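Two complexes follow with subunit A in common, the first pairing it with subunit B and the second with subunit C.
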Partner chain A sequence: MKSIYYKEWIKIKRVFSASLVLGILALSFIFIKVRHDILFSDAAGYWYSFLFRGSPYYTLLRFLPLVTGLGIAIAQYFPETVDKRIKLTFHLPVRENEILIRMHFFGAASLTALFVLFYTIFITGSSIFFPSDIIVPALISITPWFLGGLATYFMVALILLEPVLLYRVLFGIVGAGFVSFFSLRAGIGGYKPILITLSALTILVSVVILFSGYRFRKGEM
Partner chain B sequence: MVKISRYILILIGILVAAVAIPKLYWTIFEKVPVTTTIFYSCTLNDFLILGSEKTGPGGRIDPKGNKYNTAEYEKNMPLMFFRQLMTDGKMPDSINGVKMEPSYINRSNSFFKYTPKKLMAPVPTLYPLIESQSGRVALTMPEDYFRIAGRMEFIVAKTNKTDEEKSVLFTKALTEKGFVFPAGIIAGMPTTKKTKDEGYFVTDSQGSLFHIKMKKSQPYVAKIETPENFGIEYIECVDLKTSEYYCFLITKSNGVYVVMDEVYDLQRFPVENFDPYTQSLKINCDIFNKCATVIGDNWLKATAMDDSYNVIKTYEESWTGKYDRADGKILASLIPFQISLSSPDTEFVSFYFFKSPGYFWIISNLLMTCLAAFIIIRKDRKLKDNIIDLLFTAITGVYGCIAIFIFPNRFK
Partner chain C sequence: MNAIECRNLTHCYGKKMVYENLSFNVEEGTILGLLGKNGTGKSTTINILNGFLQPKEGECLIYGENTQNLSPKTKRRIGFLIEGHIQYTFMNIHQIEKFYSGFYPAWNNKPYWDLMSKLKVTPKQKISTMSCGQRSQVALGLILAQDPDLLILDDFSMGLDPGYRRLFIDYLREYAKAENKTIFVTSHIIQDMERLIDDVLIMDYGRILAQQPLSSFMNRFRQFNITLKVEEAVIPQNDLSVNIEKVKDKVEFYTYNEESEVRSFLNSSNIEYTFFEEKKMTLEDAFIGLTSKY
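Then we have the complex of A and B:
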């Protein structure tokens, strides 16, 4: 099984590293800018913009999780669809779904690890400049973006493994609609009532790749 | 597990369709509704209605049915259009024996608007406490922000550290007046663009109401007497040039009050059964009258008062509701429900479920179920292997029918 994880790591390592660098650069830029703005205007005014004008300091993060999820899903599953290589995996002498589940687990775990790191940097950086009264609403606002990054990974994996082009398009429409729920325009902290539901839905869609895997194995044309 | 993964996808498909299809329908087919606005005329001593189903958009009418053109409308709303009337030389020198001075008219005019979105929105937990008596002409923003949790705590923005001395001083002042921490509602006007600063109106954990401000760097705290079980739901401070009252209060028992300036007396507005979660409220005030209008889904009720809050006239009007119009009826007969991530009544994002009124959608659901069964049979598949799919369609209608074929059943 270690060899499966190693194979997956080889596939995603470039995208993973690029996402890591991109994320750290984005977060560094966010806090360099916060420091600059606070120094050159004033801290009280900066807080005021966040609290009463709804100007967040973290908008740069909005599409980062989505791009990361998309990148890792493509790096992991696109090579499997070239010449239908995943068929070789399905012919290995293990239970039909086990390898697919392990592949998927590896991708999701890598993505989660990246997101946890980004979250930690975000909280650490924010706590230098802001009190919890600003950090908590900020976290409520960025959490759906990160959940959306995971949902993107799960839905893109489903789409890429789907063997029939028409259904890829249809899955794509549903996937795009679903992922859009995570990044609607809302006031700071506006996502609070829906966070648990979105988390539950994200956990539920983590297994939908089995559907494409099944269709692939059964030779849907 | 594979079967479960398909059902999860069907649920996601139904959710996406229930959001997207009604949204697309309304974007294409929704008719522009007529927005009705109502004012009280001090010259007619009656209401003037702007835009209604009787007049169409922009039409002006009074409750007796008399129609008014722009010039007549402005002439009968002299306190609203006094600048235009003065420019045209048509402004009367006095009305009801009161001499018309522009500064007096301007000072007495005020407008307050409440919508449920104000109540159901994320609120900050940090506020700036502006110095009320700095001796300076202009108000200035402080360098720190306060929160009222376990105590009243001031955090200096520049250092992100607590100002212990100031925090202890204000906490002590609040405790001495009987404030029980933490705060419930904190309402103020955190801006320097106002005529004067009156600090904040705050409820404590017991629901008691307090007025907190800072005068010459010292705390000013006053406890405001309220009836037992008053249950304040919402507070909005206003900056009236007349200094008649500090703020509006809306209570659990659906009462609308104002807190009178300096004396802290509560004055109830004669607005009955106002539901702050679903209804809007507009209050127009001028030298002679106050006009409070409660607006529901497809109705409004206006109450005109004299300067002492005594009711002098009321007016009610309703119009065709969204689902009584052809566009709404068609949609309600096609879909069993719709889901939206936003609502006109709240700033929060959530899955807002709205069941279609009436029962025509049941026929649509049955038709969709028959269509699904027909397609399944045409594809040489057994109905007994697709019972759950048909159940999805029977319950969710067109959404389910779309979802089960986007994620087709190949299980035996």
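Then we have the complex of A and C:
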């Protein structure tokens, strides 16, 4: 099974590295700006604008997970669709569903590793400037964005592996609507009531790729 | 024992029937060439064999297992060359060898590196930057290293220049015969098949025209070139000819019958001719003769 992960790593390593750099740059920019704003305006005013005017310091993170999920999914699955190379993958001496699940697991795990790192940097950076009363709602606010990043990955993988163009378009429309749920504007910590629902939905869409795989193997065109 | 058994295959795309009740076997240790014009179902058959297409009716078995649900153990015994020598072109020759070796316990990289040493490629050169001929050698090398019992090669000659085609065929035939491998192969270039295959399966739209050992087919199937005395003469419908191609007074008469039988038929039909000769055919001539030029 190491061979499967070896191939997947060859495909995604550039996008993974680029996403890592992009995330670190974005987070660095966020905390440099926080430090700048606190230093050059008064801290109380800064906190007030954050708590009551709804202009959080982490807005820049909103589309970072989505872009990362999109990038990893394309890097991993687009090469499989060129010349229908997925046939090579399905011909390997492993059950077709198992190999898809392992590929998917690798992509999702890579994405999760990036997100955990971003989270850690975010919490560490935030704890320098803010008390936990602010950090906890901030985490609740950014969590759907990261779940959205995973959901984007799962949906784009489904779309890319789908053999029929019409279904791709259909999945694209449904996927865009679904993913947009994760990045709706809400008050700080406003996503708290549906966080579990969003997590459950993300887990649910993690296996939809098996549907495209099945359709491909049955010769849908 | 049969490596491949296809029984009563029926498949259609929408309303277009590709074939109905198609059955054939491939015996272990033989090289079978599947020939047919475009659209006669060669790729459909390959896709069914590889489990990438579910036939509307019937089934294909490889080593006794339905191709729609092959076990990893059986898949390990099958080497598959996709039309156009498709491979993971984002890898280089070292990466791809390392990748595949992990799946096959009997992996033997010697034939692979033997072939790679003949290519003028750098160790880190990606497969995407190689020529079609070079890619064909990578694909062939990987199959040989896998050491499968059955090789399914879909249009292996596509995009190859004559040198690479000859290299591919000679290497493959020697390997198959030395190791008692079974090969199921399709190719658009029929002259390549003549050097490679033991048995021939010729498909036409919706049916099999011939399935027999190549030597038997080439001995039995004949072409007679006839020049008619009267250009307007029409050779009547008959049971002897498989196909008749006529241009002005020149006739190509394709048949499984003897010369004497054809002459006797022409005489009894009052067809006069000024020239009659049996032409020695290549497989390509025979294929065209059997399936017609149109």
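The rule we apply is simple: the second predicted complex is superposed on the first by the 221 of 221 C-alpha atoms of A that agree within 3 Å, B and C clash if a C-alpha of one lies under 4 Å from a C-alpha of the other, contacts with A are read in each partner's own complex, and residues count from 1 in each chain.
Keep this in mind: contacts are C-beta pairs under 8 Å (C-beta built on N, C-alpha and C of every residue); 3 or more make two chains touch, one makes a residue touch a chain.
Small disclaimer: the values here were computed from a predicted structure and weren't measured.
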Open item on the list: With the two structures overlaid on subunit A, would subunit B and subunit C clash, or do they fit side by side?
Closed with: fit
- [ ] Could you say whether A:Leu184 touches subunit B, subunit C, both of them, or neither, answering first, second, both or neither?
- [x] first
Open item on the list: Going by the contact rule set out at the top, does A:Leu170 touch subunit B (first), subunit C (second), both, or neither?
Closed with: first
Open item on the list: After the superposition on chain A, what is the angle at the C-alpha centre of subunit A formed with the C-alpha centres of subunit B and subunit C, rounded to the nearest 10 degrees?
Closed with: 140
Open item on the list: Let me test your reading of the model: by the given contact rule, A:Ser3 touches which partner, first (subunit B), second (subunit C), both or neither?
Closed with: second
- [ ] Please work out whether A:Arg215 is in contact with subunit B alone, subunit C alone, both, or neither, and reply first, second, both or neither.
- [x] first
- [ ] Classify the contacts of A:Ile123 with the two partner chains as first (subunit B alone), second (subunit C alone), both, or neither.
- [x] neither
Open item on the list: Under the stated touch criterion, which partner chain does A:Pro79 make contact with: subunit B (first), subunit C (second), both, or neither?
Closed with: second
Open item on the list: Comparing subunit B against subunit C, which has contacts with more of the residues in subunit A?
Closed with: B
Task: Touched partner set for A:Ile32, first subunit B, second subunit C, both or neither - done: neither
- [ ] Using the touch definition from the top, say if A:Ala113 reaches subunit B (first), subunit C (second), both or neither.
- [x] neither
Open item on the list: How many Å separate the nearest C-alpha atoms of subunit B and subunit C in the overlaid structures?
Closed with: 11
Task: Footprint overlap on subunit A, where subunit B in one structure and subunit C in the other make contact - done: 218
Task: Residue ranges of subunit B touching subunit A (in the complex, touch as defined) - done: 1-2, 4-6, 8-9, 11-13, 15-16, 19-20, 121-122, 124-128, 141-145, 147, 155, 157-158, 160, 190-191, 341-342, 347-351, 406-408, 410
TODO: Report the residues of subunit C in contact with subunit A in the complex, numbered from low to high.
DONE: 47, 50-54, 72-73, 75-76, 78, 80, 82, 84, 86-88, 90-91, 95, 98-104
Task: Residues of subunit A defined as touching subunit C within the complex - done: 1-3, 6-7, 10-11, 79, 83-85, 87-88, 90-95, 216-219
Task: subunit A - residues contacting subunit B, complex - done: 38, 42-48, 51-52, 97, 128-131, 133-134, 137, 140, 158, 167, 170-171, 174, 177-178, 181, 184, 186-194, 197, 201, 204-205, 207-211, 213-215, 218, 220
